[in-house]
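Okay, so chain A shows up in both of these, paired with chain B first and chain C after.
The block that comes next holds the complex of A and B.
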C-alpha cells in the first residue's frame, strides 16, 4: 500500500510539474534529481537483498520483510527513474541503463509470477520430490534398483535364460528402460506416459503372473524417473530467470554509479 | 563324564576360569557346573595395574565387571559443558554464529544444572560438579552395557592393583538368578549406595539420616524383565519406585492406541501420583530392558510424607505437573483421530518445521541459515513426509514417543515440562541417541578441547563429541530457518494446534 501511495504521489507530482511548466523536468533539475535519488535509493535497497542473504543469521529484519521490500521498492523504482529521465532515453549510457533496467524489471516480474505458479505445480505434479542436489544420486539408485529387480527374475538352477520371462524383461530393460533412465526426453516407447502404460500392459501379458510384481516395480521406477525429470525442468523454470536478473542487476548498479559520477562531473 | 563343549563366544583377554575355579567363589555356588562348562570363556579373571584403564566412556561393549580385589576410580572425562551457538563477535550486524562448549558453571539456559548427580552404569552416581567416584570389592559395573549393549557410561581406571571378573551377558544373567550373588550385590547396594541414591533425588534431599536408615531397612529391591509391566493404568497404587537400573516406559491407553508419555531412567521415579490421593494408577509403567528399582511400599511412603511434609509438597508439585502434561496431551488427542495422525507419524511430533509447498521456491535459504547458525552443520534437510500442502522438514520433531531418550548411558537426554528435548551438559558423545532417532535429527558435534588424559594425567588436545538437536535457535526469538525464509513458507508449529486451526475436518476427516 505504501509503495502504491508513493507511486501515486510521485506520478501526481510529476504530472503537476509537467502541467505547470508545459515540459517534463530534466534529470538535472531539482525535481528530476529528487526522482533520480529516490529511485536509485530504492534500487540499492532492492540490491541489498543479495547481501542480506549472504548473512542469514543476521537479525536485521526477517528475510520475508526484505523480500517484500525488494519486490515493492524494485517495482516502484521503475516509475521513479522514468520520471527522473522525463520519459526519454537520453544519451548512449542512459539508454543502456534504461534497457538494462527494463530487462531487470521484467525478469523480476516474470520471476515473481513464476514463484506464484511453479511451487504449486511442483506440489501437485511431483508427489515425492527429491533433494535437487542429490537428483543424480537418486537416478543412479533407480538404475541399480531396476537392474536388481530384473536379475531377480533369473530362473534358479539354470545357466541360460532364453525364452524365459527373465529374457523378455531383460531385453526390455536394455532397450527401453535404461535409455529412458539416462534421458527421459529421448524418443522411445516410454517417453509418453500414455504409451508407457500401454507398453507395460503388453509386457505383463508376455510374462507369467509371478513376474508381474517385478514389471510393476519397473513401471514405478519409470514413473519416479519421469517425476525427477519434471522436477528438474520445473526447478529450472523456477530459478533460470535469476541468471538474467542477478548479473544484469550487478552490471546496472555499476552503470548507475558511472552515470551519477558523469552527471555530477559534467552537469 | 562327557565333557560339554563350550557353546558361547569367549572374551578375548584375561584368564579363562574353569567351572571348578568359578565355583570356589561363593557367589557362583548353586550354579550348575554343566552350565558353567557350556559357558567356558564367557567369564575371565583380569588383573589391572594401578592407573590402567579398564574401560572408557562411550565405547561399545558387551561385558560387565565384578571387582574381586582392589578399588577403581570411575569418572567421566568428557567436559561437563554446554553446546552454545553464539555470535563470534559481541557487536556488529555481520557477525557469524559459532558453536562453542561453554561452562560449567556458566552453563545456563535450557540445560540448567537441575540435577546434582549423573546416573551411570554402576552402583554409584557421579556428582555433576566433580564426576569422579570409587568402586570397591564386591561392586559390579557395566551391567547395562552387558545386558542391553548400551555404550559404556564412564571411564574406569584401577586406583590400585586390582582383580576383576569380566563376564558376558549369559554369565551375568546366571549370576543375577543366583540367590547368593543377588544377596551379596543387594547388601552392598543397601550398605553403600542406597542412601546416596535416595539423596541424589532432589526431593529426598531433606530426609533425615534416621528416616533414611528406617527406609533403607524397609525398601524392597525389585527387578523386572524386559517388557514386564511394573504397574498398570487404573490398578490400585501400592508403591513408589525409584529406578536404579534400566529404562521404564510410561504410557497411557487411548481409544485407538497407546501413547508413550515418557521414558524414565536411573535416578528417576514413578508411582507418586497414585499414592498422592489418586489411589489408582494413571498410567502403565513397563520395563523397557532389565529394570532394577527401589520399591517403597504405600505405608512407608505415607509415613515419609507425614513425617516430612515438605517432601509431600514437592512430590505433589511433580505429580501435578505430570498430570497437567498428560491432560494437555489427551486434550489434543480428543480433537484428532489417532489412527489418521499416526499414519503420517505426525502423532509423534510436538513441534514441527513445516514448509508450505505452495509458497516454497526451493531456494534452500532455510537450510543455509541453519548451517550458518551451527558451524556449517545443518540440523535441517528440506526433505521429509508430506502432509497436505506441507512438507514436514527433517528437524527435531520433539516426538511424543522420544526413542532417542532410551538407553542414554548417563541419562543426559531428557524432556523438559515444556516437552522440549534437551541434552544435558554431561553428554559423553557416545552417539546412541543419534542412532536411535528415527528421523536422523540428532547430530554429533565435534570440538577440539584440552583435557586430561586419564592414562598419563597430562593435558592434551582431544576431539570431544557432544550430541546436539535442533535447539530452535534458543538464543533468538525465532529459529534461523524460519527467520531466513524469504517467502513466508517455513513455520515452526505445534502440529495439533496448527492443523486444528487450519481445518480439522479437512485434514483429519472423521471416520464414516
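The block that comes next holds the complex of A and C.
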C-alpha cells in the first residue's frame, strides 16, 4: 500500500509539473533529481538483497521483509526513473541504462509471477522433494541403491547366474535403468511413465515372485528419479530468470554509478 | 549417511556459480565499456541528448560549453553563464529586479534554458515556472519605482487585465480615424462604384509576421483618398509637408504651362453675368499674363489640398495660411509594449473576433485592442493554444543593443583549434 501510495504521489506530482510547465522536468532539475535520487535509492536497496543473502544470520531484519522491500521498491523504482528521465531515453549511456532496467524489471516481474505458480506445482507434482543442491548426491544414492538391490538377487552358492532372475534384472539395470538414472530425457523404454509401467509389468512376469519385491523397488527408484528430473526442470523455470536478472543488475549498478557521477558533473 | 551427502552446504551449486560468474562478467563488461570510452576520449557516451538546432555547430565540441576554462571547479563541468555569454549577450530582465534576495541578481542561464532536448527543442521556450518563481511573489527594488503586479502565477489564473484596457486609456493620435465609415457595405469607391473594404484593405502584417505595418498613405489610403488637385495635372500631390506639396504644385503647373503657353488666355469662364459686381469680379480675377495665371492655379490648388483634402484625415493648424501646419499624427506603433504579439499565428481568425469593436468605431480615441478575456478563449491552458509566459513576454531586454563582433573564429567555434 505504501509503495502504491508513493507511486501515486510521484505520478501526481509529475503530472502537475507537466501541466504547469507544459514540458516534463529534466533529470537535472530539482524535481528530476528528486525522482532520480529516490529511484536510485530504491534500486540500491533492492540490490542489497544479494548482500543480505550472503549473511543470512545478520540481524538486519527478517529475510521476508527484505524480499518484500526488494519486490515493491524495485517495482516502484521503475516509474520514478521514468519520471526522472521525462519518459525519454536520452543519450547512449542513459539509453543503455533504461534498456537494462526494463529487462531487469520485466524479468523480476516474470520471476514474481513464476514464484506464485511453480511452488504450488511442485507441491502437487513432486511429493518427495529433495534439496536442490543435493540432487546429484540423491541421484548417486539412487544408482547405488538400484545396484545393491539387483546384486541382492544374485543366487547364493552359485558362481554363474545365467538364466536366473538376477541375470534378467541385471541386464535390465545395465541397459535401461542406469541410462535412465543418468539422463531421464534420453530415449529409452523408461522415458515415458506409461511405457515404464508396461515394462515393469513384463519384468515381473519374467522373474519368480520372490524377486518381485526387488523389481518393485527398482520401479520406485525410477519414479523417484523421474520426480527429481521434474523438480530440476521446475527449479530451472523457477530460477532461470535470475541468470538475466542478477547479472544485468550488477552491470546496471556500475552504469548507474557512472551516470550519477557524470550527470552531476555536467549539469 | 552416505559419503558426501552432508557437505553440499560448503559447495556452491553450479547454477549459483554460473549466476555469480555472469554477474561479475556483466559488471566487468559495463566497467570496460565506460573505461574504453574514457581511454579513447569519447564523451558522446554521456551526452544526454542531441543539442538544439542553433547549437548544432558545437554538437561535437563539448568543451565549447563544458570546458575547464569556463567551469567553476576542477571536477565540475557545469556550464557557467560566461560560457553562454561568449555568444549571447543575455541582457538583464529589469534594472530593478531582485533575485535570490540580491538587488539586480539574475538566475543562472542554465536554470531556465534547457539543452540536450533534441534538435527541435527551443531552448528559449521556457517553462512558466521559471518566471513565476519570482512573479508569483515579486520583490522589486524601490528605485526605479516598481510598477508590476506582484502575484502572477499563470495567464489563465491571475494575470492582470492588460494595462491599456485596465486603465481605460484613450488613443491620443491626432489622425481622424473612423473604422465604421470605410467598413460600411455601401461604400462608394473610386469612380463612384460601390466597393467593400476589409480590414486587410488598409492593414497589413509585417513580413516577419509579428505586428501590423504602420499605415502608409501611398500603399493603404491613396487609392480612395487621392491627392489629385487639378484635372490638368495627372500626378497627385505627394503626401508630404505643406512646403513640399506647394513646391510640387508650382512645379507641375510650370511644366504644364511650358508645354501649353497659350492656354492661360482661354482659362477664364466668361459666363454672362447677371449683375455688374459679378462681372467686375470676373474681370479682376482674370489673369493678365502667364505668371499671374500660374499663381492663381497654385493658390487654388493649394487651398484645395490644405483646406479640404488634408483635413479629411489630419488636424491642420492655421489652415487658411499660405503654408499651414499639419499636426503630427502620433499614431502608436505598438500598444502592448510590455509583450510581443504575432499576427501570423492568428491568421485563421477573423479580425473582428479579437478586434470586435472595429466595425462600429467612429472615433479615434477608441482603443480597439482585445482584452485578456478575448485571449483566454484559446490561451487558457486547456484549449491547446500555449499560455506560457514566453508566449507573449520575453525575459531578456532585447532593446539593449548586442555587440556584433564576437571573439571566436570558425575553427575555435567548432573546436578544431
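Assorted remarks:
The definition used in the following text is that the second predicted complex is superposed on the first by the 263 of 267 C-alpha atoms of A that agree within 3 Å, B and C clash if a C-alpha of one lies under 4 Å from a C-alpha of the other, contacts with A are read in each partner's own complex, and residues count from 1 in each chain.
Please note the rule applied: contacts are C-beta pairs under 8 Å (C-beta built on N, C-alpha and C of every residue); 3 or more make two chains touch, one makes a residue touch a chain.
Please read all numbers here as calculations on a predicted model, not as lab measurements.
With chain A as the common reference for superposition, the partners chain B and chain C occupy compatible, non-clashing space. Residue contacts after overlaying the shared chain place A:2 against neither chain B nor chain C. In the superposed model, more residues of chain A are touched by C than by the other of chain B and chain C. Once the two complexes are laid over each other on the shared chain, residue contacts for A:120 go to chain B alone; chain C is not touched.
Of the two partner chains, chain B is the only one touched by A:55; chain C is not. With both structures placed on the common chain, the touch criterion links A:238 to chain B but leaves chain C unconnected.
Of the two partner chains, chain B is the only one that A:64 touches; chain C does not reach it.
Rounded to the nearest 10, the angle made at the CA centre of chain A by the CA centres of chain B and chain C in the overlaid structures is 130 degrees. By the touch criterion stated above, A:131 is placed in contact with chain B and with chain C alike. Closest approach of chain B to chain C, taken over C-alpha atoms in the A-based superposition, is 8 Å. Shared contact residues on chain A (touching chain B in one structure, chain C in the other): 131-132, 239.
On the side of chain A, the complex with chain C involves touching residues 17, 19-23, 26-27, 88, 90-94, 131-134, 137, 140-141, 144, 236, 239, 242-243, 246-255, 258-259, 262-263, 265-267. Put simply, chain A touches chain B in their complex at residues 49, 53, 55-60, 62-64, 66-67, 115, 118-120, 122-123, 127-132, 235, 238-239.
Here chain C touches chain A in the complex through residues 2, 4-5, 8-9, 13, 15, 18-19, 22-27, 29-31, 34, 44-49, 66, 75-78, 110, 114, 116-117, 127-129, 154, 381, 386, 388, going by the rule given at the top. Interface residues of chain B, counted against chain A in their complex, comprise 87, 93-97, 357-363, 365, 368-369, 372-373, 381-383, 386, 389, 476, 478, 480, 483-488.
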